[in-house]
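Each of the next two complexes has chain A plus one other chain: chain B in the first, chain C in the second.
Here is the complex of A and B:
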């Protein structure tokens, strides 16, 4: 018995069958999507609606379940709050500075270390280790690293230079946090760039090298243009993560240093948990939501246009 | 010459980026007495006393409880994310459903500051009695993990040749059978990677652990910060370091063993998204 039909008829069967029924019908597809979509609606859609309602209501911890509509006073309170704007400014500066530093250092490391890593991939492991440790834990670790008596950094600075700055006081806390964030997340940018760099065919570089291009020229005119999409994406991912920073800042300084390290996330957290100002916290959440929606929308349109 | 320079840059980068971990490791191996005189980067008399104390004196700081809470919540948060994302990923990769709305929305979710939803979730948890429970924390970690799980799995399933599905279909398999008996075994490596990466992410989460737990379900990241807050000004740096090392160890070990797979999933959303 011959079970194998010849190639022609097999192709014919398949063509007919493809018209008859899709692999997964639309109804089946919807069914498979339902659990995820339902879960997201419950845990994100419902909270989003609560946010909107509470942001235009008067509500306290005592009247949590019976908010009274009160117009836009919460929004007015937030938008007139100097601390809101200073925390927004903190988040914006923090996001831009850390994302830029991480991308620059990451790009340099990716290109400069590529020959080394190509031969010994295992060297990637120690470079990626910082990404595996909780940012909150890293924040706590820096409390030790920078501690004036127990920390090695002040110890050696005193030993070598006779002086050490107060890393976490009002003048230096911001800079310290930028360095802390940059050191932990540069590996992420590095990783993206290294993969993009490795994906560039070797013969492109060889050809331009034969044409007399210097290594620097190859990087400038071949590698960088080819890596541009990755550069943009990495910058935005790191910017967004820096903008919404919470864990390591909270663990290292709280909002300490005279409130000079309050990011937007910490602002919302404190308005809710420390002040009990639910309306204000919720209104700030909605403002942040709208802001991130605008940024993401712009980014998606940018990405969409690039594909065309 | 350039080669030597590359090694030097590599060494500096590794040391600088891992500096807090190195310092914490060294400090955790110093005796209480040595710590008061030697904050430097060498150890004259290495000791495991700090680890012994953390692991045996559990009356004031029960590290086992924190480790268990983190493990259970992370397992729920990762397992459930995969259970929800896998069928959805199959539908998106193999049909027209979900491509236009669900996938883009979920991908963008990764970029939305989750604190936006934190306050209503806190109130919702209060109504549902989920505050300070491992299940409650696990459900939130599912939200944290779902976007990347979906992206990785959609990519993995799209790479499976459609002919495989078709062959099974011709033999009379339903789409559910194809999904579970053909596609699932084939993309097993991607499922494992998703699990490892999700577990690390969930273990390292801090914000929701801080907001939604107070005592019974506190995860390791939050517990470690309790340890600092409770000891006030006079932190015992030796034991504190041991706590931090033990808390950072599970994800760090997983990450070091699986770094190759993880580098793929870290970049998944970024490169294709």
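Here is the complex of A and C:
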């Protein structure tokens, strides 16, 4: 929508809004916007306000309609809870590791398979299949695949080596979860990188090749710089997804022995539904929201400075 | 938006379907546990009841999805819903719903039908809140062929004695599983562990369910309970840091560390345990009674079905104990037809109704005299009723509003100890502090 006050407005003629070919008054424009604003206020604003109230209240399932204000005790409880910090650390490590692994493998595959996919685009379909599976189903699937008595992986490891590691014990659960997440979401990064790689004009590569650049140098100095915006966006999308991980981890290990695989999302879920500590759960989600906002705002400013 | 005739017809059907129950003739609405044998049995039982009931007392059944059932039920009851007169209730969540329910007097005969210990699964603050319809407890499953071979072989008995002395510090001899103590079970599990005894015919001596999951804590409780453990004493003090719990927790860790249970046991729950035992690579498993049908089915568990024995959990110094929890039906405080609802509940607690429910596929725990009448059709109920009446127990506080969070807390702290992330003392101290906080609410 373009906001184009016409010249007549300076002459005392009413201002108009131009939307494509139609002319509408400001009042009409506001009227058209009302449903959207109302929708946002109702479905985003109202829950946000309720959450803020709950976060400073003593509230249970029985008193959802009559929370009692109790100051910032929920925030103090969350910030003093060792499990909150360990779950935050789990989510951070998980997000960074999975996003890095998915992007590195996805980038390698995109460049390595580009010539083949250029000739046989149909091969993209099987590569995308993992994206079609719901994460919770992936968790359940690996519970079966890795089970010592029912899964094919331990079966063949026993057949070939006489032993199989404990994939989900306290030492290996985190690694297993990272691998499972990476296997499912690498195709997403791969898809973005392949599209970005394909969009680079061939003549640029040909010109650099004629200038004597090696294939590695072409990737390093031509492809990667041109793909940089996609690389950054893919990393952050995958980091956000990894950081907020819930379903596949919950299906595979739950919150883990002693809470060792509790992500922040699982922490909030457990506080809310399992402990019935609604105020604490909401306070944790507000803390998470504020921290995310600060990080994203900081990154935004950083990106703005670089442009300058 | 224009609606086609088909859309109108669909919407009308949907609205009619939603509205119909409201206008139905039934005057007692019962909210049951949806799906599975519980729904089948309740439908059949209600059908019989309605044939003999007056129009004013006829029962209409209401079911919704299992997913999030208890959260929806809590929201409905907290909102003062009168959409149902009788509602489902479970032992470990009884305290959550008791404020929105009314106690019901089932009459003196109810104790004769179910037994006192089973009736207790539906009691809160000393009051009866429901009729126990289905019961869950635990069986000790074991390989008869392996244990018989062990008992009958002198060399094996000698090895068994050496292993018991080395790992448990006690000179034990193999015994019939029905007279096992927890030490006997542990010694047997160690003997059948490849890592301990390379001559073992199976890989593991047992399968421990050690995932951080509240249901696994229910399976574990019977071990400390048989050593006299309880959540609270008579004065309401939390006693989870007792020697009984220490003994139980240490025994589980000893077996896990010795390799007696699969390496991934810290991620095991019901399904994994069934798969492990059914594979034929485990000698024993403490598992839910619901697994009996699968583990003794030659189709589902061909490797072990014909050699699987079932006994009650082993004994401790205080005898045997079997953690029971059940589903039942109770009276909604906001019921529109309390009189009719109470009539139905009292009828449901009679012998005839309980037998009918059992014959229709339900799993009620019945006293020995009563269960004998359905022993032919439902042999599994004989053991269920026997174990429940002889060994069944509910921990003090396990029907309170905080029961579920207590199980959750124990699951987190105990698995933290078993996985080596914290000491036994820390695990019990954290559990005690958390339970004090939860149970005082």
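As a convention for this text, the second predicted complex is superposed on the first by the 260 of 308 C-alpha atoms of A that agree within 3 Å, B and C clash if a C-alpha of one lies under 4 Å from a C-alpha of the other, contacts with A are read in each partner's own complex, and residues count from 1 in each chain.
Operating definition for what follows: a residue touches a chain if its C-beta (ideal position, glycine included) is under 8 Å from a C-beta of that chain, and two chains touch if they have at least 3 such contacts.
Remember, predicted model here, so these are calculated numbers, not experimental data.
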Which of chain B and chain C A:173 touches, first, second, both or neither: second
Once the structures are superposed on A, label A:109 by its partner contacts, choosing first (chain B), second (chain C), both or neither. first
Under the stated touch criterion, which partner chain does A:150 make contact with: chain B (first), chain C (second), both, or neither? both
Determine, for the superposed model, which of the two partners chain B and chain C contacts more residues of chain A. B
For A:161 in the superposed arrangement: first (chain B), second (chain C), both or neither? neither
Which holds for A:216: it touches chain B only (first), chain C only (second), both, or neither? neither
Under the stated touch criterion, which partner chain does A:260 make contact with: chain B (first), chain C (second), both, or neither? second
Quick check on the superposed pair: does A:273 touch chain B, chain C, both, or neither? Answer first, second, both or neither. both
In chain A, both chain B and chain C touch residues 64, 143, 147, 149-150, 273
Which part of chain B faces chain A closely enough to touch in the complex? 3, 6-7, 9-10, 13-14, 16-21, 23-24, 27, 35, 39-41, 83-85, 87-88, 90-92, 94-98, 102, 104, 106, 108-109, 111-113, 115-124, 126-127, 139-140, 142-143, 146, 150, 162, 165-166, 169-170, 175, 178-179, 200, 203-207, 210-211, 221-222, 224-225, 228, 235, 237, 240-241, 244, 247-248, 251-252, 254-256, 259-260, 262-263, 266-267, 270-271, 273
Residue positions on chain A within touch of chain B in the complex are 13-14, 17, 21-26, 28-33, 35-37, 39-40, 43-44, 46-48, 50-51, 54, 64-65, 109, 112-113, 115-116, 121, 123-138, 140-145, 147, 149-152, 154-156, 183-184, 186-188, 191-192, 195-196, 230, 233-234, 236-237, 240, 243-244, 246-247, 250-251, 264-265, 268-269, 272-273, 278, 281-282, 285-286, 288-289, 292, 296, 300
Give every residue of chain C touching chain A within the complex, in rising order. 71, 74-75, 78, 99, 210-213, 262-264, 266-267, 272, 275-276, 278-279, 281, 404-405, 408, 412-413, 415-422
Residue set of chain A touching chain C in the complex reads 61-62, 64, 143, 146-150, 164-170, 173, 252-260, 270, 273-276
